[in-house]
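What follows is a short report on a single structure.
Just so it is clear, A, B, C, D, E, F, G, H, I and J label the chains in written order, and each chain counts residues from 1 on its own.
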Amino acid sequence: MTDGQVLVAIENPKPGRDYTVRCSTPELTCNCPVTGQPDFATVTIEYVPAELIVELKSLKLYLWGYRNQGAYHEEITNRILDDLAGLLKPKSMTVTTDWYVRGGIQTTVVAAHP
Amino acid sequence: MTDGQVLVAIENPKPGRDYTVRCSTPELTCNCPVTGQPDFATVTIEYVPAELIVELKSLKLYLWGYRNQGAYHEEITNRILDDLAGLLKPKSMTVTTDWYVRGGIQTTVVAAHP
Amino acid sequence: MTDGQVLVAIENPKPGRDYTVRCSTPELTCNCPVTGQPDFATVTIEYVPAELIVELKSLKLYLWGYRNQGAYHEEITNRILDDLAGLLKPKSMTVTTDWYVRGGIQTTVVAAHP
Amino acid sequence: MTDGQVLVAIENPKPGRDYTVRCSTPELTCNCPVTGQPDFATVTIEYVPAELIVELKSLKLYLWGYRNQGAYHEEITNRILDDLAGLLKPKSMTVTTDWYVRGGIQTTVVAAHP
Amino acid sequence: MTDGQVLVAIENPKPGRDYTVRCSTPELTCNCPVTGQPDFATVTIEYVPAELIVELKSLKLYLWGYRNQGAYHEEITNRILDDLAGLLKPKSMTVTTDWYVRGGIQTTVVAAHP
Amino acid sequence: MTDGQVLVAIENPKPGRDYTVRCSTPELTCNCPVTGQPDFATVTIEYVPAELIVELKSLKLYLWGYRNQGAYHEEITNRILDDLAGLLKPKSMTVTTDWYVRGGIQTTVVAAHP
Amino acid sequence: MTDGQVLVAIENPKPGRDYTVRCSTPELTCNCPVTGQPDFATVTIEYVPAELIVELKSLKLYLWGYRNQGAYHEEITNRILDDLAGLLKPKSMTVTTDWYVRGGIQTTVVAAHP
Amino acid sequence: MTDGQVLVAIENPKPGRDYTVRCSTPELTCNCPVTGQPDFATVTIEYVPAELIVELKSLKLYLWGYRNQGAYHEEITNRILDDLAGLLKPKSMTVTTDWYVRGGIQTTVVAAHP
Amino acid sequence: MTDGQVLVAIENPKPGRDYTVRCSTPELTCNCPVTGQPDFATVTIEYVPAELIVELKSLKLYLWGYRNQGAYHEEITNRILDDLAGLLKPKSMTVTTDWYVRGGIQTTVVAAHP
Amino acid sequence: MTDGQVLVAIENPKPGRDYTVRCSTPELTCNCPVTGQPDFATVTIEYVPAELIVELKSLKLYLWGYRNQGAYHEEITNRILDDLAGLLKPKSMTVTTDWYVRGGIQTTVVAAHP
């Protein structure tokens, strides 16, 4: 998890029903681990909660925590999924990151749990 | 259900056939239960009626009834589903809410019955 | 069926193959049975023909026949399906109506045969 | 001005240059003065500042202040312009409101100062 | 003017300022004067009011009044402009009608006063 | 003018006002004068009528008349303008043709009278 | 098949793999068999080749060959499918035609082999 | 001018009228003069011809001639304008190039003659 | 594989999870094997990695390597798939190429492994 | 100017002609001077060069230099304009910044020189 940024879970208000929550923001940025230059992505988190849902303000701060970290596209996507799925223990969860063009190539990574 | 706003059901004109009705409005607004500040969403209700369909004017008034209530995104979506499914006893129903950006994050909640 | 407007069927030029025909027009209008005020919809008819296909000019006239009739959204959709499926005896048919906003709410009805 | 909501002005960081600031939000809502039913609009404020610019958080609270007020589309647009132009004394300002469909009609109002 | 449908003017709430009101609806329909078949258009009315503005419900009823009338595209556009400009005496007014495709051709008519 | 297809003019219903008529169709096709292969274009005719307006059915037939003729993009655009302006004697007229891609290049021609 | 226009097949460069080829053009035109007036469509051909693929220039000429032929929408779609599937013997093939509006109605036909 | 690719001019079919021709293609590619890596652009040429218009096939070949040349975005845009304006002596001409993203930055260059 | 351009694989940072990587660029160009004229495509590569993922800079250089090669649309798509799947041994991979219009026809090729 | 990031100017390859260069990137990010939280914007720079044009790689690095700086929307826009206009001495220059939603409000700032 990113330094000092604590993801907060709150109680699912309707634990008896399988429903879907989707959160999306174009404000994910980190640094390229090779060149040190900034990368930018839109991240979308979609999940079916079990007992817990994520508190939105803590999610915002958690994602901002990547701002000064270096990581490959594939790595960061899986790390966000690990952190969120580890905390919320959802029935299912998918994390998608859409990265801005680098070298003429647009990259998207989609990781799902379980 | 919201105070004093009564959802009205009318008879399904074609009860022998499984067909789909979808109602959508960008005019759902309520208050954030934490900060008291207004939230806004587009709500879409899709269902296969059994014996009853919802009367549209009462649906409009029912949704307007949330204007001064406080509720989390996940909670209000499930409550609309509970109220409508409780009244209409549909063969199936899905409620989707798309919320305006807060803290840079756009949130969508999708709940289905049964 | 609407007064004096006769839907015409013609022979399917390729009865040995299951293929799909889709006809759509934004020119469906009728009256609200409660208020008498006009309603407007885009109607889409999609079907897999058996021995017959619909003649397009007669379909146009048939749909125009609703102009001065009063009917609920759900009712008119099922009636168009009944009339067309009754005439063409298709292998399958779906009728979709997308209605203009009333009371801030956009409504869609989808009915299928069989 | 709306009750208890105080628009706040801050110093223009570049008073020597004519430049343009445009703020837009789809979250303006008030009540219809005739029927008491809610209305919704997107409001856009564009201005060339003189000595002052508007502080964004106070603008947000100011616009939220219309939530329980009744006013015609034309009236509210001119009132927002009067309040903002009165406070900021800009070189020029335009306020545009785009209202959701009522009675099948979409309405836009554009007012400019001076 | 259309039979029995009375356009209603109300007082301009800000007569001292030149501002713009734009009303638009896709629900204009009339009959072709040659064939008697229905025609459909989106109509947009944009004006700078002087002492009067149009009351929206009466505008809706006025436009619905064309439903059973026969008129050429060019004629109806000018008639709406004449009726509205005659009533409101605006500083300026433009009426635009966008008609659905007939014979493969899409037609638009734009008339302005003065 | 194309063989045997006669453009028909009808009386302008509002000769005392300068207003605009715009007709557009994606159904213009002719042959390349060099290769004999078909070309396709969307044509838009916009004019301010004087004493006459064009009758739409005759316009449709006139444009269809180019189907078996060979002409360069620039030539056909000017010819349509000459024919229509010659007949209608409009206060002003613009003809625009947007041609489908040939050799990877999309071409548009815009000619105005006077 | 259209007069004198010969569809040409070439060898599939990767016969050992099931892959998909999709060709689309908005340049299909023929004549209405009833009125003799031109019709226009976008045609899309999607197939999984077996031993042969279609040569694109011959496909272009083949489709242009319909220019002076009369055929119903449903008929021409099935004929294109028959001709191409007869020549290429593909593992599967779908032909879709989207026709321009006639009588206010837009029509699409989708036929698949086998 | 590019090696061996000769732009060809043909006679303007309507030299007495000021009209506009616009040609656009997304198929311009050259090499970065610094890194040697390929660059890609959409180029749009808009002009009012005097005595000459450009022959489209020669324009295609001319633009393809840049494929193995190195040039800055600003330089190539001005060179295309110089070559075309030098040949055609148009009344006016504008060349626009829209380049694909490099280093996260999208660049457009617009040059006009005279 | 293209001359001298070496695709580079790097270690999958999350080998224990089936996730998807999608890379897309509109900068694929090669030459028509028949006419020698340039062709252009957008290429999209989507795969579920096993032990290896592709290094993006080497992918960019690999794709640029087709610039001076001649190949049919179907052939090049399968070759890219063969090269990438051969190197990465992914759990699954799909390569899609969307080619610019030639002869009025837009072509797409989709090949999947295994 | 941002710390250690040096904007580089290069010679205008066509100083005798007034032409326009426009550079745009969605990758501008800085910190809110009040809350310390990140802000994001798309920045567009459009100018008519005199003797100098900006070197694109240095522009990229210059804009990345704002990543850890705090500044109001209005301030940063004017500062970018001051830095670029100070270096390039262009005939004219406009800088536009479009900021992501904060507090439900989208803000744009446009500053021009001279």
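To be clear about the criterion, a residue touches a chain if its C-beta (ideal position, glycine included) is under 8 Å from a C-beta of that chain, and two chains touch if they have at least 3 such contacts.
Being a predicted model, the structure only gives us computed values, none of them experimental.
A.B. asks: So which pair out of G-I, B-D or C-D basically repeats E-G, with more than half the contacts the same?
C.D. replies: C-D
A.B. asks: Same or different: do the copies chain B and chain D touch each other through matching residue numbers, with over half of them shared?
C.D. replies: same
A.B. asks: Have a look at G-I versus C-D and report the one with more C-beta pairs in contact.
C.D. replies: G-I
A.B. asks: Could you work out the angle of the rotation that brings the CA atoms of chain B onto the matching CA atoms of chain G, rounded to the nearest 5 degrees?
C.D. replies: 145
A.B. asks: Centroid from C-alpha atoms only, then distance chain A to chain I, rounded to Å. What do you get?
C.D. replies: The computed centroid separation for chain A versus chain I comes out at 28 Å.
A.B. asks: Taking each chain's centre as its mean C-alpha position, how far apart are chain F and chain J in Å?
C.D. replies: Once rounded, the distance between the two centres reads 46 Å.
A.B. asks: From the C-alpha centre of chain A to that of chain E, how far is it in Å?
C.D. replies: Spacing between the chain centres: roughly 51 Å.
A.B. asks: Quick one: which residues in chain D touch 2 or more of the other chains?
C.D. replies: In chain D, residues 26-27, 40, 100, 102, 104 touch at least two other chains, as defined above.
A.B. asks: For this entry, which pairs of chains touch?
C.D. replies: Touching chain pairs, listed by label, are A-B, A-H, A-I, A-J, B-C, B-D, B-J, C-D, C-E, C-G, D-E, D-J, E-F, E-G, F-G, F-H, F-I, G-I, H-I, H-J.
A.B. asks: Looking at the complex, which residues from chain H come into contact with chain A?
C.D. replies: Answer in residue numbers: 40, 100-102, 104.
A.B. asks: Per the contact definition, I'd like the list of chain A residues that touch chain I in the complex.
C.D. replies: The contact residues of chain A facing chain I are 72-75, 77-78, 102-113.
A.B. asks: Where on chain D does chain J make contact in their complex?
C.D. replies: Those residues of chain D that touch chain J are 12-14, 17-27, 49, 53, 56-57, 59-60.
A.B. asks: Chain B touches which residues of chain D in the complex?
C.D. replies: These residues of chain D touch chain B: 26-27, 29, 37-38, 40, 64, 67, 100.
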